[in-house]
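What follows is a set of structures to go through.
You will see chain A twice below: alongside chain B first, and alongside chain C after that.
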Partner chain A sequence: MTNAFLEISNGEKLSREQIPHLSFNDFQENALDIIKNGGKVVQYFGYQDDLSMKFLAVLRTDKLFVAGCDAPDSYPSFSKICEPFHMFEREIAEQFGIRPEGHPWLKMVRYHPSYREDMPDVFGNDYNKDIPGNYDYYQVDGDEIHEVAVGPVHAGVIEPGHFRFNCIGERVLHLEIQLGYQHRGVENLFLNAEAKRLPILAENIAGDTTIGHSLCMAQAVESLTSTTPDKGAQIIRTIALELERLANHIGDLGALSGDVAFLPPANYFGRIRGDFLNLSLLLCGNRFGKGLVRPGGVRFSLADDIRKTLDERIKELKPQVEHVLDLLFSASTVRARFEDCGIVSNYDAQQLGLVGPAGRASGIPYDVRRSFPTEHYGQIDIPENKKPSGDVYARARVRYDEVLQSLNIIQSLIDTPVETHCVDDINYDLAFFSFVVTVNEAWRGEVSHAILTDKDGKILRYKVKDPSFHNWNGLAMSLRDTGISDFPLNNKSFNLSYCGFDL
Partner chain B sequence: MIESIILWCLAILTAPFFAAVIIKVKAFFGGRTGSPLLINYYTLIKLFKKGSVYSTSTTAVFKLGPIISFACAITVLMFLPIAGHNSIFSFNGDVIFILYLMGLGRFFTIAAAMDTASPFEGMGAAREAYFPIICEAAMFMILIFFYRLTGQLQLSAYFSGDNTIALWNLGGAPLLFIVISFFIILLTENSRVPVDDPATHLELTMIHEVMVLDHSGPDFGLIELGSFCKLFFYSALVSRLILPFDFKISAIGFLIFIIGLIIVYVAIGVTESVIARYRMDKVPQFVLTSFALAFFATIITLEFIK
Partner chain C sequence: MLNTLKNRFEQGHRTCNYPNEKPAVFARYRGKPIIKKDVSSDIVEACAKACPQDAIDIGQKKIDMGRCVFCGTCERIFKGAFITFTDDFEISTSKKEHLLTDGDLPALAEHSKQHFKKLFGRSLQLRQVSAGGCNACEADLNVLATPFFDLARFGINFVASPRHADGMVVTGPVSRNMKAALLTTHEAIAEPKVVIAVGSCTITGGPFSGSPEITEGLDTILPVDLFIPGCPPHPLTNLHALLTFFK
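This part shows the complex of A and B:
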């Protein structure tokens, strides 16, 4: 297959002249061609370059591809033919007022005025009003249909999001999720921030994915400044990412257990999650790993005494984790709740482009650690972890496997002394007129950052994509034909990020 | 009579204490210390000190709900032979009266929930109206069983004095079915796991809790106290059934009754700790089990007791 898209590797610095600049028609044809043959969208965004609007797409099959084009004022929607573009097209429409004609469900993503003030708002909203929205929700008609609106303010201490259920009795026919309540304009903050604040911004995109996002940012900056972290730093970053995965997966499994009112594992996992967060604390002085990853390396080395303590604590925690996992997964009443609940078929998952554990639970083996390894992952053998059934049980089971694997990975990494030189003087002189895209497997799935620089080496466009951007639609799909009382369980089995989506 | 009234007051006053036993047992299984045994009193005092907030869209029905459901719950306790002592009221057919008195309480809780026009509460009300229907069938099956044994429709004829022992002598093994059947009804009627989850904060999965979301302060306090009384009522019946001994020295009788009560509450706590909640559409099957057990018990006795 010859394709006008350029094959690139993860974190490869490209001069922007190297990126194929196609005519819009070629761009569309080639992009659709890749996606129709099973490819997925990693990044697809618009940017302004000297007052002209351009598109850039990073697609993946088993390789990464990139190409760009000049953006028209409106264009025939790609989503009509290829669903994976769905959210990306809505995002572009919102950010730059470029209308994808014939888009099946053209709606605001995050509720903010267009970045280009000269363009009329695609959705006809007046953002000066308190409630600017023309909220259109998909509606179902009929005698026994009822609509349930949940949120954006929830009973628990969680983030805001609005869920609109169309039900017949207890059965959900359709769920629509509206987010954006946490929109902070993160991508634009990167443009004007002082260089040394970049890591701080990246760490705070989504607090529970601190390491995932800061890794993407650090690798992108490293690529554009042509620096390479030493081997020790790579190992420490890998350990940090796996610790983050462990703490979150264990927290999720505990919460899943709590949602089916099976309390013992919920309590134990709640405590054990804290123990793993404390391991991050041991590593860098912050339970969520903030302040650890910086472009060029890490700010905290792994001294031998810390390494030993880490090893001892993991040795102590491992049997406990295994025991509670066994308690949870061997309880028949728990299995009865998890199995066949909220099934997302492999076909649907492919169309929606699900990533991470949610995708693997629906039989999509994609794992960045295997496909586009960064840091130390090239030397680690990560199993495939896919499950066929696509239900809550599969999503829990993927976490089960990954928890045990992560424990082994960390144990093998801290077996030998790790030496690194802590970074304090960070190079932020980005290469001018360049482009880089980085991809990492955070605990929720594929996190990706892309940076475009202008002629002076200033950041022209910073694009962030959290795995939740793909997966929220998976949650909506899982609720089809499921009891509304199983929503919390399904929600927890995806456990997606609001702030990572809202940016 | 005075004695009965004192017992009735004691029952209402101690009901919150026993409910806290469940919390303690669950905490034990979860590896936690848990809240103190008097937690429910603290909660009630806190609630009664507060003011109530009423939505402008609600009517008097909303305010009536908690009062009537509480009144029903404590009136039902007046018919309960506590520790085998005579109840305050008792007449032939009072069991049916009790059943529908509880039905009245439920009706007003549901009406109050519907009055808020919240989709959550509507959903909760639908569930609350559905599951007790099955419970009611089981309850009547149990009544038929008791009636066949004793020829009477009166709570005191089954549970006061040495009547319970006599019941075991007459019924024998099938009465074990009735105990289990009663326990299932207890779990269902009092919104316990595996039917409902009293600890959840997720409106979409709740049954009972979601219906009282809009109640606050003293109103909510009444609802809580009412549900403690209701739980006490069912537990007292099961307690008498499992430890039916009647002692002439009333102190020992009380001790045995309280031991029985604690066994029941601990059993609820253990049940909640070792099994997950059933999926909503499987709950009717679980509740129907109680009916089936009572039904079999009756069939068996049909043969032996002519």
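This part shows the complex of A and C:
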């Protein structure tokens, strides 16, 4: 059937006049129609334009669609009918005080005052109290029910967040996750930032996804300035994104091994992860890839000496990685702990809109590199990495496959010389009254940035979405009816970003 | 079993010999800056203008490593005419003002508090609090536990409870939402205690400077004993700071 949403491509510059501006009812009807037929939400956010409040949604099937509407002061919640809107509606309520009536679970996302001072706070919070957990958590009633509260300060060297378990004995009936402790106001910092600060902000949304977020920012700016990075820059960016994937996946597999008390792979992968971080440093001087990606290209070339060292190091590391993968996955004790632990069914994963390895582990094949390829991915054959079982084993196994694929991708790209003209000047004027949305497959899944500019070319709205925004509810779901002692294992199998979510 | 042994044999011994030998870092790494003071003020001004972190003091011809994210913009735009970054990762200081540097840093060992060395030189237990930030600093503190760095061989560990800790390592720009938890953790650590600020966010607000949601400088709310600059600091920078300040 025809839909009032406009089909667009990844990173396509649109004049804002081209975006269908629907009546709220049409917007609702068409958006729900796409999602009910298996579509997913890429972006759904509010913005203020000349003091009037508007909504904009980017949805995906095997294509991308966009439309907007005037925002009412309150509206019947879409989440009641289509679960994938759940987090987005809460975010809009928090940022702009617009209430989705009948929302199944309307609570704050990050705990900050509304951007609109004229609207009363939807949650009735007093933001002079500096604690997001200052809130009545969901409770299960019963004589034998007990609660376990963890965080925001955790036992390890990790980011802050609060986890509230409702248990009967060892069995978790429900896990509620409250984040927001890392909230730095990133989206609003983009609004008034000078051009030179944009890359720095993008790199620091989530340090472990530096390249993923940097690519989204750079592609968006390139689109709005009608520039295209040269082929060499696209190859270098692809290598950098795969190095990021390798370091994180390998680190996760090591951590999973540690959580089932099989220490050799934990230690080996811990060290090997560092070797891959050092390859990012080889390329750009920073272990997390900070400083590499800039609008227009990259700041560092893949000179032949660097390419040679990279090739030698990968050749040396590849057999080690393969052997440790074999050690981990052939251990029956590891299999026994990974299998059937923390299952998220395909149905639940679809409802929650899980993305990335977490989605693929529950049988959702979506991978931006296949569906909406950017950079050099159009030339690379990425297999469909979905797994059927939805358990810790599946989430680990997706990483296993992707580690080997990433190694091959990098090896094939550094086979021949790569030439690029390095970018250092980062002054630019953005197209006025325009819109762009970019998506990339970072190691956790779909990262997306969207920019709206005003009639002077100033950024009116900068919207960031980390894959963790979709996936935290997947972790909560995996814990249902699971032993509480399996929380660390499940948590590692998702390894989600707090700062990427909190912004 | 055979597989386990085979892997163990292949992995071999991986721990670096720091501080006896400095491990080599790849050439593009940007560590301690060298500043050429005889450069024209035009170039200094142009570098300051291009710096995304506004970390360059034009009048004094200095760079504030507490603001700097070591992106290397100032080095690249004039091919190092004013600032070049070396591979020297030993860049931590005991005073915030020392981070505003012309390339000379006071020797950290001489500035460390001698009673800290006496108290914690043989055993230092640290509680880490992540308070905002991007998780890169946390990641590069975490790797200190991996075999290459093996922090525990120096008697230094990260512990799970502030009650077990001699001090606190803080990362991130202390978001509003983490401030109360950070201060409570600090309070829970027994005196005498140390506070270590890791990363440009923690030291000055870093990339998030200007946001109403953060604190611009941990030292504005707590006394800080050791400043480890970087975005994030290299693990060897962290290791150098901990060993030099406490051992």
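Going forward, the second predicted complex is superposed on the first by the 496 of 503 C-alpha atoms of A that agree within 3 Å, B and C clash if a C-alpha of one lies under 4 Å from a C-alpha of the other, contacts with A are read in each partner's own complex, and residues count from 1 in each chain.
In the analysis below, a contact is a pair of C-beta atoms (placed from the backbone, for glycine too) under 8 Å apart; a residue touches a chain by one contact, two chains touch by 3 or more.
Quantities reported herein were computed from a predicted structural model and do not represent experimental measurements.
Enquirer: Figure out whether A:N188 sits in contact with chain B (first) or chain C (second), or with both, or with neither.
Expert: In the superposition, A:N188 touches chain C alone.
Enquirer: Count the residues of chain A touched by chain B and by chain C, then name the partner with the higher count.
Expert: C
Enquirer: In the overlaid three-chain picture, which partner chain does A:Y268 touch, first (chain B) or second (chain C), both, or neither?
Expert: Both partners.
Enquirer: In the superposed arrangement, does A:L282 touch chain B (first), chain C (second), both or neither?
Expert: second
Enquirer: Contact-wise, after the overlay, does A:E170 reach chain B, chain C, both or neither (first, second, both, neither)?
Expert: first
Enquirer: With both complexes overlaid on chain A, does A:L51 touch chain B (first), chain C (second), both or neither?
Expert: After superposing on A, A:L51 lies clear of both chain B and chain C.
Enquirer: Touch test for A:D486: chain B only (first), chain C only (second), both, or neither?
Expert: A:D486: touches chain B, not chain C.
Enquirer: Just checking: does A:D259 make contact with chain B only, chain C only, both, or neither of them? Give me first, second, both or neither.
Expert: The answer is first: A:D259 touches chain B but not chain C.
Enquirer: Could you tell me which stretches of chain A are touched by chain B in one complex and by chain C in the other?
Expert: 155-156, 264, 267-268, 271
Enquirer: In the complex formed with chain A, which residues of chain C make contact?
Expert: Result: residues 3-4, 6-8, 10-11, 14, 25-26, 28-30, 50-53, 69-73, 76-77, 85, 128-143, 145-148, 158, 160-161, 172-173, 175-181, 185, 201, 206-208, 210-214, 231-232, 234-235 of chain C touch chain A.
Enquirer: Under the touch definition given earlier, write down the residues of chain A that touch chain B in their complex.
Expert: 146-150, 155-156, 170, 257, 259-264, 266-268, 271, 331, 333-334, 336-337, 341, 483-489
Enquirer: Hey, which residues of chain B end up touching chain A in the complex?
Expert: 26, 29-32, 119-120, 122-123, 193-194, 197, 199-205, 272-273, 275-282
Enquirer: Report the residues of chain A in contact with chain C in the complex, numbered from low to high.
Expert: Contact set of chain A toward chain C: 110-112, 130-132, 152-153, 155-160, 180-186, 188-189, 194, 196-197, 199-201, 203-208, 210, 264-265, 267-268, 270-271, 273-274, 277-278, 281-288, 290-291, 299-300, 306, 309, 320, 323-324, 326-327, 330, 424-425, 497-499, 502.
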